[in-house]
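One chain, chain A, appears in both complexes that follow, with chain B as partner in the first and chain C in the second.
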Partner chain A sequence: MKLGTNQITTNQMIALLSSALIAVGIFTLPRNLAIKVGTPDLWISTLIGGVFSYLTCLIIVTLCLRFKQLTFFQFNKLIVGKWLGMLLSAAFIGYALLIGSFEIRSMGELTQFYLLEDTPICVIMISMYWVAIYLLTGGINPIARLIELLTPLTICIFILVIVLGIKVFELNNLRPVLGLGISPVLKGLTPTFLTFSGAEFLLVFIAMMQKPKEAKRVALIGLAIPVSIYLLAVVIMTGGLSVERMKHEKWPTFALIQEYEYRGVLFERFESLFLVVWLIQMFLTYIVCHYVAAEGVATLTRLSYKQASYMLLAAVYFICLIPSDLNQLEKMGTIIGWTSFAFSFIVPSLLLLIALMRRLKRDGEQESGT
Partner chain B sequence: MASKRVVRKLSLCMILLLCLSGCWDSSDIEDISFAMGFGIDASDDEQEPIQLTTQVALTKKQGEQATAQQGKLFQNVTLKANSIHEMVRGLSLQLPYPILTDHLETVVINQDIVTDYDLFILLDELLRDNITRLSPSVVISAQQASDILATNIDGEITSDYISAFFTNETSTMKILPKVRVGDVTANLISGTSVILPKITKDKKTVKLDGAGIIRAKDNKLTGFLTDKEVEGVNWLTGEGAGGLLNFRDEKGNTIIYEIQHYKTKSNPHYKNGKLTFDVQITAQGWITEDWSLTSNNLSEKYVDKLERLAAEEVVKIVEGTMKKLQQDYKTDVVKFYDSFRIAYPRDYQKMQKDWDNYFADADVKYDVKIKIVNTGDLVKEGKPK
Partner chain C sequence: MGKIIEFLVRTDVWLGTIVVVLVPVLSALLFHKLKELRRQTNMRPKQHFIPSSIVLSEKLTSNVKSIKAIVGDSSDIIFRQFKLGNDNRSCSIVHIDGLVDTQQLQQAILHPLLHGKQTKTKLNLFKSQSIKDYLLNHTIEVSDIKVTKEIDKVVRQLLSGSVLLLVDGLDEALLLSVKKWVSRSVEEPISESLVRGPRMGFIENLRDNTAILRRMTTDPNLTFKDFDVGERTKKQLTIAYIRDIANEELLTEVTRRIEDLDIDHVAESGYIEQLIEDNYFSIFPQVQSTERPDRVMAAILEGRVAIMLDGTPYVLIAPATFSIMLQSPEDYYERWIPMSLIRVLRYVAALLSVFLPSFYIAFVSFHQGLIPTDLALAIAGTRVGVPFPTIIEALLMEVSIELLREAGLRLPKPVGQTVGLVGALIIGEAAVQAGLVSPIMVIVVSATAISSFVSPQYNAGIALRSLRFLSMFSAALLGLYGISLFFVALCIHAVKLKSFGLPYVTPGTLYSKEDWKDFFLRLPLFTMRKRPAEYFPKDQVRMRKK
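Let's look at the complex of A and B:
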């Protein structure tokens, strides 16, 4: 393993985790949640979902720390054997590609709907790919640095644009709290948890941390940032639009931003600003997914990381052309959500259990490499 | 050798520049017609029952001659069809520049069309569209919407003019808060009745005058409220931003109370199928006009008396409004459903569909407290003449 070029700092790791989590969910979560929950208690679901995600992150961190400096693709063989390990790795690569293509496709669809009506969607997507591959071939370091640079900025603008929705906020829309008891809240846990997919990429990235001991802190802060943004968005949206309306808007987030208008400040409307920032976030999420997949392919085969990245570019493009319309795209999102549940909760817990039973542990200091 | 390489690199850069030359979706601002207002009317034609008037702002280039002639800043185009989008597209046959609805300010809906058609259907296109925002205000009119939009006020675009009325919210109780397209949608989706400000053309100008009510049952117009009744609606919802209260003392002298701020709380009680509301209104404000000559506004007793009289007047106003809403129109436009939903979420789920009827049968009690904090700069000593 090449030290120095392949390591990332704790701050970069936090930024990486939070931007992996802020993705298309900011547009899709509110409606899915409103349909499932149906009462104004959406925010409680979001909060519980966030806490649950943190618990799964802790499992992942504990697992990864047992195998220092080894990525998921390397240590799963040690736990479940070569063939099963290969299978798991291949599935994980497939999943990363799926999620990456999903983000890019959703990005394309939304951009076309709201911004560039006449631009062919392939042009929007391909331009994104090209910029991405330019960054990706540089390896993890430039990626981490770019994410560290962009994330704080995008998060600030996200918060600003959402908070401006205060103008149409009505507290009554958030009441009553738990009016129909706890059961609607529990129904909302599935969409919430599915939205917080992305945490499973820690399986790969913890191995690259300079100070792996801080991984738990990374999980806490890296999750807290996106969860609080989602929470804020859901609270302001429920207050501004009411639950009934959230059910009936295709993209409630956008409806909220379209609802208000400020006169006499620099901007009167904030849709474009929000979309631009969101595009950056989608780009970052995509980069992370593609990197994980490429890293996996490079570990499993004899291809170099660079070759793998280029090859996957084609794969991603084909995958994202599979859904033929928005409804199918949404179905793809649900499939991704459940796969994410498998990879962030079931697989790590099983692996951890087996590792504990077989007393498997590996210190990166003693020996490194696959 | 080196220079050859430089040339090669430079030419590569030049070729790459070609890729940057443009955007598929660019359009010059001079070449866009900005739609400022929509007016929806009924038409006599059976095949084409809807009539849409689009108010387009005249941008400088197109407008210079027109402005010189009659000081008009807009151009209205009226079309008939059986769908809204078809009419919006039909504009392409009359206007050389593509229409952009991003800057829409007002949607005027005529009373006849909304008696025939579900309001939700009329707004469907606007809500589905990817460009139109949810912030334009919606108003209703008894006259033809096309006439309202055709009102030529010097230096103003009528749609913008109408939409700007709502900034006056703080100065009178007879003005409803601005109803945005988004607000109407919220009502239509949750199955509650809608109240829309009514706009009237008065000779050469337009003015706000009362309100129209769209019932939840079929999203059609049930009737109008006068501006006095709108005052009552504002007192009942607590959504007004201040204004005046005009009442008389026992000798018939006019007294004006200016509301600084007020708060309304409707507390629902639901027992054995009997629905009652306790409405608590508290207001704080000043006396700004007092015609009586004998009053001593420094005396506590006098101020107390005025407070009591003012409260009685408020009760009279809200009772009048409530009577009309409960008996004549049977529609809850004062948002009592909200307080009920919060207090009895389970019952509301069952009653939601039929809420307007429950509302019509509810008993309402009022408890009004008016506080006068200041009687103004003038002190009358209270000596009889």
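Let's look at the complex of A and C:
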């Protein structure tokens, strides 16, 4: 029965892209930015970083549209040959697993710190993995539907919680604009760009789109949503906390929420409420990563997609236990950031160049006819 | 390097890895097995309750004999032998006492047959063709007559109330329909009463139900398609749809599933519902059931398909989505602003009825720091002396509420009230005074119970009630995190679920502008110019632009 569709719609794609981009970054970006930039111009860095991400997205989209209905794992062989392609795919799978485990581990740490002090972290993480695998075995359509269903909800709550911070907002904290010139802003580009990791998953998902022609629109809106959310968060945090405090807080987002207090509402401490909702968002990001990895394994090996996703469960659980403390977790984040840079910018541009030079192209419709 | 080796030999890591994979794999295998159970086809020989070896002959006596042999000698079957008025030919009438309108039988059948006069036309009554012509065209005063040779059909029709006329020299039987039996009069549906709207509910008789629908429209496209379900009992089942609106794919799917049914007897449309639904593990109803004709009419006008079964006032409508479970026909009969607010209220109530007790459990046993200090102190104060952990306290109260509800449901009305009163007194007052539960728990439980009554569909209400217990357990295990996880798992389940190919959460996903006009809010009628896109109707326009 095809009453419902079997491919991802444009809206689902937008939700998918934006939820791949926003997750733990909301907790780590403000502090990293504050340390690097040092002036209140954080928001300019975020904006420029967003624009840059959009440009890389355009490269990815152009590349993917040359190979209709083929995922990254399938078309890289056509461009760089079988063995190099395998290597690239394997690296991409490893990278996706790394992000996924990073999200779950951070989620576990935050949950343990703010909600469940006495529960061992492995219980927290394992229960989430079980819920995740229930969704993952359903394939891309339930995943896309769930993300479409829940992303608007989490984003609304996030905006609500952040906007409540207006109470402690002081415009003076945001001044002066470009007081030390443009150079601090440029320094801030690295952490911003690292936070926008996730766009490279478009390499896989564009192949599943119902209307691939709208991929550019997807990239624009799907990036605009997370960028504006980060922008809002950074602006209100700088205004509410000042750059100096942001440098020293472990999690400035929570510091901001703890800063304001609304008495007489049912909840007095919004940070835990916020965390409860936000862990759904981290879960969604993890789902996207795991799906990409499982899809990759299924393409490379003889395993079916379901078998692959069960097996990768062991891998992500193993990886997420490797960092022994929060510092190591942070290092893991930095590694992820640089790998992301490679996969969202360097690899697609090189592939696109080679494809252009070798005039490689594949028309999906011809192929589907055979 | 040493650290890596140290990490690799940690047993808890390996144990966790094994657990994290093994449990889902095993449960997936188990569920797969259980799902296969349904697909297994029972190979059993086709049952013939009426021996096909018997055929009608030209001899009246042998025909009567074979009918008697098939139906046995039940006391309610009446055989009446007589001679035709004009040529003394032997005839026999067979019918079931109680299923036939006796007055009509005498006036329209027996009288003309017994007092028949030779007509002007030259009839050669010794030819079987002309005796049939004589009976059909000149004598019998009944409009619905069927002529058949098939013994199977003859017996089935006889047993469902037709009058059987056998004539000597004719190897066919005439089935005359003058059915009449006792049936309930049309009443207001009890399970779905409205303040405003037609006070009319379906009844048990299928023909009356289709007539009720037919009365609502003169659209020639309203189509009823009949099926026989139940290998032994052969109940009549009718699917109703509007021919130029309902999606073809949906129709074929519904037809296929109904034709695949293989069961001896269907007692109620609930049987059909459970046998044709997509996922029998799901807690959500995947087919809507209603006894309101206006609801069915509105549904088939949206492009859905109604399944009506003889013998029950409950009509099934497929496909169904979660949002439909929280809609009431009244939403459209009253003005849009209050009804939109009420609809939002229903969503809130649905959330509350699932999550309220679990939030209480989570806050009291895990996160006292999250609620305002005064409230936390108040709760702690009332819980002094309560001997149980919160989850036991909550279970105690929830189970007693469910008991009360179940007891009140079955009892006659006056007794039911007593149960309610006793329950309220005992649970509300005595339990608190005895220190078994805290007063705040009582408030939480009663608020939950009231919210679970808000659901306009009874079966959706029960689903939410059962989910509440799962939610309470997850809150008791993992606090707010557990609730969050449970919510995600619930969403995943709903997202994976399909009803006749339509995702169960439809307007929540596959966004379409038309569907959102009638999702959380009920926008003014003039804005809904098109039918909901979710059912892919063939004719999309509902209201033309001026």
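As a convention for this text, the second predicted complex is superposed on the first by the 355 of 370 C-alpha atoms of A that agree within 3 Å, B and C clash if a C-alpha of one lies under 4 Å from a C-alpha of the other, contacts with A are read in each partner's own complex, and residues count from 1 in each chain.
In the analysis below, a residue touches a chain if its C-beta (ideal position, glycine included) is under 8 Å from a C-beta of that chain, and two chains touch if they have at least 3 such contacts.
Being a predicted model, the structure only gives us computed values, none of them experimental.
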Please determine whether it is chain B or chain C that touches the greater number of chain A residues. C
Touching A:122, do we find chain B (first), chain C (second), both, or neither? second
Tell me the contact category for A:269 with respect to chain B and chain C: first, second, both or neither. both
Return first, second, both or neither, reflecting whether A:28 touches chain B, chain C, both chains, or no partner chain. neither
In the overlay, answer first, second, both or neither for which of chain B and chain C A:321 touches. second
Chain B versus chain C as contact partner of A:131, first or second or both or neither: second
Would you sort A:344 into first (chain B), second (chain C), both or neither based on which partner it touches? neither
Just chain B (first), just chain C (second), both, or neither: which does A:248 touch? first
Considering only touches as defined above, state whether A:238 meets chain B (first), chain C (second), both or neither. neither
Using the superposition on chain A as set up above, list the residues of chain A that contact both chain B and chain C. 115-116, 119, 123, 269
Taking the complex as given, what residues does chain C use to touch chain A? 3, 7, 12-13, 16-21, 23-25, 28, 247, 249-250, 253, 319, 366-367, 369-373, 478-485, 487-489, 491-493, 495-496, 498, 500-503, 505-506, 508-511, 535-536
Can you list the residues on chain A that touch chain B in the complex? 39, 113-120, 123, 168, 172, 175-176, 179-180, 241-242, 244-245, 247-248, 255, 258-261, 269
In their shared complex, at which residues does chain B touch chain A? 23-25, 130, 133-135, 180, 182, 185-186, 189-190, 338-339, 341-343, 345-346, 349
For chain A, which residues count as touching chain C in their complex? 1-5, 9, 11-12, 111, 115-116, 119, 122-124, 126-131, 133-135, 137-138, 142, 144-146, 148-150, 263-269, 272-273, 276-277, 279-280, 283, 310-311, 313-314, 317-318, 321-322, 324
